[in-house]
Amino acid sequence: MTHAISPSVRLQVARLLDATPRSLAARIVRAINVATILFGVAGVVLISDSVYQTLEPLLIDVPLLMFAVEYLVRIWVAPETHTTHGSAARVRWRWITSACGLVDGLAVVCLPVAWLLGIDAVQADMFCILWIFKLARYSHGLAVLGRVIRLEAEPLLGVLFVFVMTLLCAAVLIYLLEGRAQPDTLGTVPKALWWTIVTLTTTGYGDVTPVTAGGRMLAGLVMMCGIVVFALWAGILSTGFSQEMRRRAFLKTWDLVAQVPLFHNLGATVISEIAQRLRPCEVAEDTVVLHKGDAGDCMYFIVSGEITIEAEGQTIRLHDGNFFGELSLITGARRSATAVATRTTQLLLLDIADFREMAARHPELTTSIHEEAKRRVRVGYPHRDTTPP
Amino acid sequence: MTHAISPSVRLQVARLLDATPRSLAARIVRAINVATILFGVAGVVLISDSVYQTLEPLLIDVPLLMFAVEYLVRIWVAPETHTTHGSAARVRWRWITSACGLVDGLAVVCLPVAWLLGIDAVQADMFCILWIFKLARYSHGLAVLGRVIRLEAEPLLGVLFVFVMTLLCAAVLIYLLEGRAQPDTLGTVPKALWWTIVTLTTTGYGDVTPVTAGGRMLAGLVMMCGIVVFALWAGILSTGFSQEMRRRAFLKTWDLVAQVPLFHNLGATVISEIAQRLRPCEVAEDTVVLHKGDAGDCMYFIVSGEITIEAEGQTIRLHDGNFFGELSLITGARRSATAVATRTTQLLLLDIADFREMAARHPELTTSIHEEAKRRVRVGYPHRDTTPP
Amino acid sequence: MTHAISPSVRLQVARLLDATPRSLAARIVRAINVATILFGVAGVVLISDSVYQTLEPLLIDVPLLMFAVEYLVRIWVAPETHTTHGSAARVRWRWITSACGLVDGLAVVCLPVAWLLGIDAVQADMFCILWIFKLARYSHGLAVLGRVIRLEAEPLLGVLFVFVMTLLCAAVLIYLLEGRAQPDTLGTVPKALWWTIVTLTTTGYGDVTPVTAGGRMLAGLVMMCGIVVFALWAGILSTGFSQEMRRRAFLKTWDLVAQVPLFHNLGATVISEIAQRLRPCEVAEDTVVLHKGDAGDCMYFIVSGEITIEAEGQTIRLHDGNFFGELSLITGARRSATAVATRTTQLLLLDIADFREMAARHPELTTSIHEEAKRRVRVGYPHRDTTPP
Amino acid sequence: MTHAISPSVRLQVARLLDATPRSLAARIVRAINVATILFGVAGVVLISDSVYQTLEPLLIDVPLLMFAVEYLVRIWVAPETHTTHGSAARVRWRWITSACGLVDGLAVVCLPVAWLLGIDAVQADMFCILWIFKLARYSHGLAVLGRVIRLEAEPLLGVLFVFVMTLLCAAVLIYLLEGRAQPDTLGTVPKALWWTIVTLTTTGYGDVTPVTAGGRMLAGLVMMCGIVVFALWAGILSTGFSQEMRRRAFLKTWDLVAQVPLFHNLGATVISEIAQRLRPCEVAEDTVVLHKGDAGDCMYFIVSGEITIEAEGQTIRLHDGNFFGELSLITGARRSATAVATRTTQLLLLDIADFREMAARHPELTTSIHEEAKRRVRVGYPHRDTTPP
């Protein structure tokens, strides 16, 4: 691991460990990593059962060893994945203290620390459930959820306050109403809190139920309040979540739109509008994108990759920046050819409903598509590209 | 079943089996099909009870036979319903491997296969519950739901990940907190998972409840997390579902708008906007669409069919492309005539609120309606069509 | 009840029975009607308890008698409230067969019919719970809900189909998995359906719970499916409900906007937009609408009624079509006067956030308000109207 | 407390008690106040347990004394915080009868009144749970919730009516179906109401469950109705809540936008649009706003405070009205400098997705930002302000 050879090797390794891999090798590394985490978590779940405790070295120690190696490798390659200027040591320290670095670090040290603290072996193993957080690296959803909770902190706290207020008032009231009837289960306010939260969340275990008329009326009210509180919470979170997902999709599409020459001729307003309606989709090699004879409900723009159109014995190849499938949207006819991706291809999909709305509001879009199609036929392309479907 | 006669007969049969039938015969065929499925499913439910097991030949074998015949007929008529080019055999194979074909095929082979595998007769009959999927052919909702789940796969999986993470962490924690107090029900993590999922979904059977203070605090937290997770799930699905239904409605309306000549004079922007506000509705023969003397809260455009206006002894017939009911929207007066559909009629309904907004934003729409009304009176129509209500 | 006197008396009575009363007498009649219904429904609830069964003549028979009288009176006045042309008898028949008429009729005949059928007295009284539907006349919410369910019937049925499909498949599966372990509670599919619906709705009584590992996994899945199904249902209904309420509000505001002269000078587009932002509110006599010294967060337009402005010893009266409170929105200062309603007054409220957006998008609105204010001062008004707050 | 000295001292004290404090002393006073409330509420919860009843003087009497002092002080300073004209006594009376005043008053008198009424000491202490309402002063969420419930009263009542109707009808039906099978728990309608509300809210304690086939079918229906009713309630509340929060954010941003000179050059329409997209955020002293080398996903406008830009050895100070971070949005490059807040700074954040949409729709915004940046370099600033990141 001398400095003379490490940078290029380090870069190779860094690319293998990327969370959104492009090469086959990186995909395999990711698959192994995810499989190890799942195997490890399954081990944690099983280890608590005395039947499986003899398997501990396999179930817990093997994943732990792999995570330790992964952690050291990730520290080593940190300078390649983080563009912060400064010495390699400073960059590494920044990665160690980042969210990803802390999770990876905790995953490694949790068990040794538990042993050092003298915790019973089976209980110590339980700390390895933290391994599941390592999967967060591959989940966009979790990142979005975190951002939403941060952005909507104020209303969420407001509703939490309403929740706690209802909880405490209801607990005191049920204690006053039922405390003497059921001293064992509702005889103090802390005991009453258990009944209150079980009722307020409409879980309703049934281990404690009010028996007096007053207590039952209060219970009815508490159930209704619970629904209201959680409705507010749900409303805030789901609105924020869907806005944030839309924002992410817009940014992703915007970057792809810039790679399609057709859109360069359109005004910025049209581009901004179309970027909100295009849907990115990646198709694997040999996927049939369009079937000849199907009804046409969308058109496609190629961002990168290659699409082969098979129509009446003729084979045409389309490349980055071309589009296809627009004929069916304009004429309403069925697909006149089959389109197959000849390698992994990044497409932008424009739905028929959106196409019609866009075409009605911005006639220049349709004109632009027509002209581009004509120009292609006139100029000619390598491999005689044109757009029959 | 010679080739000389089959194509025309085959086309007739294909039309009888259409999922959106137009003729009376096709409606009857569909009704029989749906009734058989419901009868068969009811049979499956009852057959598990020893009282009804003697009825098995009637409850199970009769529907099974009918489905087998239906399956063979559908294979035979496949070339008429699918426009894929190629030999009849290839088209048939494509239908057999389509979603509909697989469901129909499974519905037929499930029971014989279960018998071959030597499964006990009553248990084998249970596989016939798959028959209910045959109804999916007639349900738009299911198709939309499937599409939404496909489109929103990424956020749904993100939330699923949060759910599984919460589930596992909570199960391990409750095992640590309550494992010793309740070894029978929470003594291992897999056992604890049962309590955790019952609590996280706020189902709360009450067969396992925490008894320690720490366990109860954790339980309160788990209930709150559960609500949050499902709120996100609910938000994503219901937003996607309503967008998808709106998209379907827009496409349907768009096709109908093209059949009303009045709209040809308007600009594409107005058409696109009005298509989002018109609501398609089909009325059966002899339905009273407007009652004389009612308050007017909408106007109608006729896509196809016939409407008879009965006003002061005079009877006027309106046909495809005409409109009626606009007077009340403009003047605010009550309906001055009764309108009755004389045969099955496809209408487009424009609500008063939408009419006012459209009229304010696009005065040409109102002008167009006025001019059309005048032109009709001037030119005259067969049966003296005009638009009094 | 001769024909010579009835029409004018009939009209008076009809106005007394109006659901949205304007006169004090009509309000009293409505209050008595609502009180009788609530008293009667409370009677139905209590009568099942043997303690109260001696009170039956008071609790049940008195309201029943009143409803019978009300029913006959409503039949008599039907020609005044319904504008359908035709003989009085035909109009009355139409009212009797309308939704309101059927509910009122059922409320009267339910008990006698139950007696005739020889049903036990206490059980017969229970049918009087139908009286609660008489309240529907006064509830807009119910009418809106009915309309939403009719409009969104297709997606609601789609989701219902998914629900029934999940229900049946889950019931068959739990029967296969747990039928032998718990033959008493899950030994047939109909029995299993009870557990399935209790779990699918996350109610979770806990009277039946799965005990095998397979059954518990299925239960977890069923709980999650239940949430998804109801999320869709909830999403469809709440979206439709809020759209429908907004539509109603728009129609109500639109009618009121037409009564404010200021808006006549503005273009139709601005009116349509402002009608969506104005919020109608009715204030009772002697209500203080604005407090001197308060922060100004909205302005008001008077549709009908009278507002008195008290500023520095001077008292100014504003009438229909005037507006007030705009100064604070423009300057950001606190209210400079107190405004009191001197009789029941219908106002249109424009919120500060909406005012700013409207002012930014349509400068002619602010100009119009300024000019109107100046013109008033120049021309003068009876009682020296002007708009200091 | 002579009139000669009180006004200035009174103003100082009033500022210390402000709910949105600016000075450090005021923050400390608020923290003490909140801590006392939380301590007092915790005391109320614990006091019901016999173990802690000896601590009553500490847990209850100390907070009570502090609240009494606070109440008197707040009455004294009322003329400083309320701008109503009139004598000090009148202003004080108005504060005492305001929502805040009533809550503070109740918090003080609840316990003495309970003692006077001769209520048992422990039960009397329970009334102190009202202290939690004192926290409402600091919670925006609660104020918003109250406003939403007032604004949406009509649809909420409509749904409440549907809920009560379903509840009563279901209770009567279950009484008819199960009353004879389970006379102890469902033998009268009031008893049946308990089962109905527990089922309608899907709480499902399981203490009463139907046993007949008819009762179980009804139960399934009631569970489904419950979900529908609460879905409507949830939908109304969460829509209203999010609208109201957006409205608040718009007003807050609008006031801040007016303090940024850049926006003065833009048209009112652009300002109104941008005010809806800017997000206010306050950063504490020494917060790192931008890290050199990070990806750029937003730009900032400074409303008040100071930001120090550290780039290549050079240190630049930015003040009120400046902006920074726009370069990364335009070029897509990573941050070229680190930005640190040198004192508490109020910023407006414009997200990259919003920046792109705004730039596409209103090219004058981008032009304006470019010109401002150029002008700054040309004219020069104290401390050589410019905007490298």
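All chains are identified by letter, namely A, B, C and D, in their written order; residue positions are counted from 1 within each chain.
The rule we apply is simple: a residue touches a chain if its C-beta (ideal position, glycine included) is under 8 Å from a C-beta of that chain, and two chains touch if they have at least 3 such contacts.
This structure is a prediction, so every number in the text was calculated from the model and none was measured.
Looking at which positions face the partner, chain C and chain D present mostly different ones, since fewer than half of the interface numbers are shared.
Between the two copies, chain A and chain D, the C-alpha superposition involves a rotation of 90 degrees in steps of 5. With centres defined as mean CA coordinates, chain D is found 29 Å away from chain C. With centres defined as mean CA coordinates, chain D is found 41 Å away from chain B. Residue positions of chain D with contacts to 2 or more other chains are 190, 202-206, 230, 234-235, 239. Residue ranges on chain B touching chain A, taken from their complex, read 82-85, 151, 154-155, 157-159, 161-162, 164-165, 168-169, 171-172, 175-176, 179, 187-190, 193, 199, 202-206, 209, 213, 216, 219-220, 223-224, 226-228, 230-232, 234-236, 239, 247, 250-251, 254, 268-269, 271-272. Against chain A, in their complex, chain C makes its touches with residues 203-206.
Listed in rising order, the residues of chain C touching chain D in the complex are 41, 44-50, 123, 126, 129, 132-133, 135-136, 139-142, 144-145, 190, 194, 197-198, 201-207, 230, 233-235, 237-239, 241-242, 245, 279, 291-293, 334, 351-353, 356-357, 359-361, 363.
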